[in-house]
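Have a look at the structure below before the remarks.
Naming follows writing order (A, B, C, D, E and F), and every chain is counted from residue 1.
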Amino acid sequence: MEHRLDTFGRTLVIAPHPDDEVLGAGGTMARLAAEGNDVFVAIVTQALPPAFPAGTVARAKAEAGEAHRLLGVRETFWLGFPAAGIAETAHSALNAALLELVQKLRPQTLLVPFIGDMHIDHQLIFLSSLVSARPHQAEYPRLVLAYETVSETNWNAPYVTPSFVPNVYVDVADHLETKLSAMKAYASQVREAPHERSIETLKALATLRGATVMRRAAEAFVLIRQVM
Amino acid sequence: MEHRLDTFGRTLVIAPHPDDEVLGAGGTMARLAAEGNDVFVAIVTQALPPAFPAGTVARAKAEAGEAHRLLGVRETFWLGFPAAGIAETAHSALNAALLELVQKLRPQTLLVPFIGDMHIDHQLIFLSSLVSARPHQAEYPRLVLAYETVSETNWNAPYVTPSFVPNVYVDVADHLETKLSAMKAYASQVREAPHERSIETLKALATLRGATVMRRAAEAFVLIRQVM
Amino acid sequence: MEHRLDTFGRTLVIAPHPDDEVLGAGGTMARLAAEGNDVFVAIVTQALPPAFPAGTVARAKAEAGEAHRLLGVRETFWLGFPAAGIAETAHSALNAALLELVQKLRPQTLLVPFIGDMHIDHQLIFLSSLVSARPHQAEYPRLVLAYETVSETNWNAPYVTPSFVPNVYVDVADHLETKLSAMKAYASQVREAPHERSIETLKALATLRGATVMRRAAEAFVLIRQVM
Amino acid sequence: MEHRLDTFGRTLVIAPHPDDEVLGAGGTMARLAAEGNDVFVAIVTQALPPAFPAGTVARAKAEAGEAHRLLGVRETFWLGFPAAGIAETAHSALNAALLELVQKLRPQTLLVPFIGDMHIDHQLIFLSSLVSARPHQAEYPRLVLAYETVSETNWNAPYVTPSFVPNVYVDVADHLETKLSAMKAYASQVREAPHERSIETLKALATLRGATVMRRAAEAFVLIRQVM
Amino acid sequence: MEHRLDTFGRTLVIAPHPDDEVLGAGGTMARLAAEGNDVFVAIVTQALPPAFPAGTVARAKAEAGEAHRLLGVRETFWLGFPAAGIAETAHSALNAALLELVQKLRPQTLLVPFIGDMHIDHQLIFLSSLVSARPHQAEYPRLVLAYETVSETNWNAPYVTPSFVPNVYVDVADHLETKLSAMKAYASQVREAPHERSIETLKALATLRGATVMRRAAEAFVLIRQVM
Amino acid sequence: MEHRLDTFGRTLVIAPHPDDEVLGAGGTMARLAAEGNDVFVAIVTQALPPAFPAGTVARAKAEAGEAHRLLGVRETFWLGFPAAGIAETAHSALNAALLELVQKLRPQTLLVPFIGDMHIDHQLIFLSSLVSARPHQAEYPRLVLAYETVSETNWNAPYVTPSFVPNVYVDVADHLETKLSAMKAYASQVREAPHERSIETLKALATLRGATVMRRAAEAFVLIRQVM
């Protein structure tokens, strides 16, 4: 395995919907926690009625609780915006909520969804995440990485919406099983193969991303900004 | 499985080096042949001495012979340019060799390496392939697709060299085993996992590309041009 | 002429405003219908009062009716969203309307406006069209193509908004006259040359797109996704 | 110095927030005015209560008044949309306000914010500015340029949001002092170095943009469209 | 018609092969000459034996002579590099030849082929043209524009090689006939429609480029750099 | 100042021509050395006669010696390829020379020129640098960054050749003076302002890159690949 992930340090993972954080960065989160770093998660939306059945939120929270316990997450924040409703949410409210959290937690690293994801919630949350990380104060997140979300990132329009072409690889060989367990904890979200949001697909993705850099398993990211 | 690959028809696969055609399109070739289409392969380079050990060419031809037999290739053409020497080859000579082959075989479809591949042989052969497919005569290849080559395509420079973002998916679920057998026939080229050019990586890639479109296994391509 | 457009099959054309479908794909629609395929049109918006004069909707419906009759459209669906008001429409409502239609019609092919078009209605409808075509169920549209719309596509910002660079050409030499007749049926939308939305411009565009692939007339598209 | 800026002529600068016009184009505005061209400014938003403290608008107007006097601006228009609220503003209303102004002033040149700026106000105002400049009437702005705004343009996501890569350079060596004075007039907006919105940064930017084309100071732009 | 093309002034058109300058910029050259500007042409290559039949060069020179006379070209320079052989030519020699010409003629404007053209001669000549225009001396070309060449520009690989997306339009309504006559003077190069290099295609292209900006005919360019 | 540059570690800077390494990464090199990391430089080309005057190489070596001494470089390697002659050099020879050096030095980090630089030497050396860093062996450079070179990077073709849009910032506030001293040691290469290769421009660039991330001075890079 590589050196420790010292460049990450205290890390906040911003997830549009519960499970995005595991799909995209679950192995990295587990490795960070195992190496002694504080890992926080912000779940931006909730599947609120009437758009979603009653009970969906409670179930998601229970699943996320277990998933995050497995990964070693220190604390999870539910921002409570409406799922599939970010386009109808005041952009300044989303900015404010994320900024407040960043100012409170003072993370060194942000992991954010990718602007090219097919879901407009992801696109807008990406933009607000960057606003919360503006590099114009004494302190701000030194490292911002976008993760890939199977069932969103690959379904967008090749070449005409922003493409996810990873340039950062994190070795998660020792943490892949933990990631898969965390995903299984999101029982309501897992699908049977060959659906993209299946355990088999996550394994294949980890194998492929790892092989690209001669590792048994990896998660891949697009660097947004790093200050050293 | 999907409908038959009628839009492909008679197909020529252009490979910079022996095995590229299997890595990128072996499953599609097997499916095409199984559905009754003529599949041809042009291997552009040979690993000639003194840059490569004596016997390398003979071994490659033997391996390719077996691989292509498994896939159902109708005929293989060895163009004989020097491997890792395309940058020192007259561009017009490469253009002429490929054009002559296209005019002789009159394929309906060309499968070509990707311009963004890390190896400059791939980049230059992509350009010459396009010259050979110029759409300015009564007949020319109606469909031109670029395939991905593990150990080249993923090793280039994200965002600053052309990125492979697939928009065409071919279901190869019924032909993946044949592809893997063909790759194994290239015994001198296969590597142990977690190297990209391993059987495990090819399986993972097929699983991931398939899952993106809800299939058990697929090969993915970038469309260069289609005329209907 | 080329082979039949068998890869298209049952086709749904999504038009932000009445006439976009003819500008971008009228010849292809006519050819598809002539070859025996079912062609459907969804007109997403209507020019509702008070933003538009009373009677505008009725006139548009009458014009579309005649245009679609000429092209051989099997059925036209008016989704009724407000023209120039999609940015103020709930994104989830637009997603739902298009998804419902796709699930009802089960088209093999979707023709959609281009994300880089200048009109924000086009941009947002492109995104929702992709949501309706998510490749994660047993059935979904196998082919998604974006068409170009004179008076929108060419007026956007070169290089900094997504550029329309066609990679799919459909020979419409035998159907150009039908397309032009259909456009003339949209009498309220046609302009005098040298306006882009003129008959002369449509002829020039068809001639240019055709000449690129050695045909007398063609329509050009950007491939979003094809599964075979 | 270069020839006169005859290709600009009558110019309208569209600024999302007061000071953007000075940050991005203050030197060019001063040069245009000095060479006898009419320069207009449209400030699209105001920092309205309760999102911003009472008195903010009045102060901004006073500062802008002085800044524009120094630059030689002929008239300033306050469109009155809410700052940080453009995403919640009807897109058609913004289109209409800008179109009305363009039709009234009939400028030959538009200077607009850049679509890739981090602030969503900038992104949406860029789009509406283009709508107001549609090249489909007898008259429309012949030249449209996007300017760069320190503290917005450089803070976006490299390669995955549109990048500002300038292709037009305006020599402002004789007008840099005026630009800096105008910026100082925006006392509430200037920050201490090393903040991007500082006098030192503006000087460094002018020096760098100038040096690229062998001038002592320049402002740089991205060309959106020019008709000659 | 627009104002005079004062921003162009003394202009050098760099053509990889004889006729490229007419295909891409013939109307603009005619307008420039008609407005009193000096227009020069550099033909970089010649179709030398044995790659081309004896007599080809002489015929090309005769055709170019007549074409340039019609357009009002002041002087034509034949640089004598081998056609389809630029990739085998020393890059520094090409740089030197173009630099020497630029230093001798001191043009205010350069019109160059497009880097995305399919022909590698065009790509490499684009690069050398930029070297010859380096903005690091007291004098250099203030305006550099790339023109489009039917039968090269449209035949490259969409999205994965550089795309020609024009941002500069020159009204050539009063000079289109002259351009077409000049093209006809290149009798050995003109093809029958629907070939791209036909008179009909050039007319269609001029109509389309014109319509985009509400003119009867235009030529379109991509701006590389302008200094004012 | 930031944390130590632990992610860099042992670093090899690849420079096409003597001084490129200082222009692009001199401050980072000084900081790395000051923090105890081994810094190596490979100068790929030499200005050999007859293309360059006799004595040029000797002078360059003397200047580089002094510059590198100031920066704390541990060892400098002169690869001896001909300056302005890389396009005529066998690509495989360049690959081999760089690969041999990487295998010998086993650096953790590579700093390489940018593929979008105007000089074709830079472009080709970028490609070969990536070949030397192929991530397919037990060891390879974990971090590859491209630096910007004033007088090359900014002179290329905006949007149609690869653009340098930095995503990694290194604080060099405490090392800027050392960088400028090293540049002055390259007396034959420094130019007077407003030339890009002047001390004033380097200061402005450092100020601007620093201000973007709220630092007094920074150098900026494009991340090619990082494995952690």
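Note that contacts are C-beta pairs under 8 Å (C-beta built on N, C-alpha and C of every residue); 3 or more make two chains touch, one makes a residue touch a chain.
What you see is a predicted model, and the numbers here were worked out from it, not measured in a lab.
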Between chain pairs A-F and E-F, which one is joined by a greater number of C-beta pairs in contact? A-F
Counting shared numbers against all numbers at the contact of chain D and chain F, is it over half, same, or under half, different? same
Would you kindly say which chain has the C-alpha centre located farthest from the C-alpha centre of chain E? A
Measuring between Cα centroids, what's the chain most distant from chain C? F
Roughly how far apart in rotation are chain A and chain D when fitted on CA atoms, stated in degrees to the nearest 5? 120
Just how far, in Å, is the C-alpha centre of chain C from the one of chain A? 36
For chain C, residues that touch 2 or more chains besides their own: 135-136, 155, 158-160, 167, 195-196, 212, 214-215, 222, 224-225
Residue numbers on chain F that touch chain D, as the complex places them: 150, 154-155, 158-159, 163, 165-167, 193-196, 198, 200-201, 203-205, 207-208, 210-212, 214-216, 222
Across the complex, what residues on chain B touch chain C? 2-3, 5-7, 135-138, 140, 142, 167-171, 212-215, 218, 223-228
Per the touch rule, the chain B residues reaching chain E in their complex are 90-92, 95, 114-116, 126-127, 130-131, 134-136, 146, 162, 222, 224-225
For the complex, which residues does chain E have touching chain B? 51, 84-85, 87-88, 118-120, 151, 155-158, 160-161, 191, 195-196
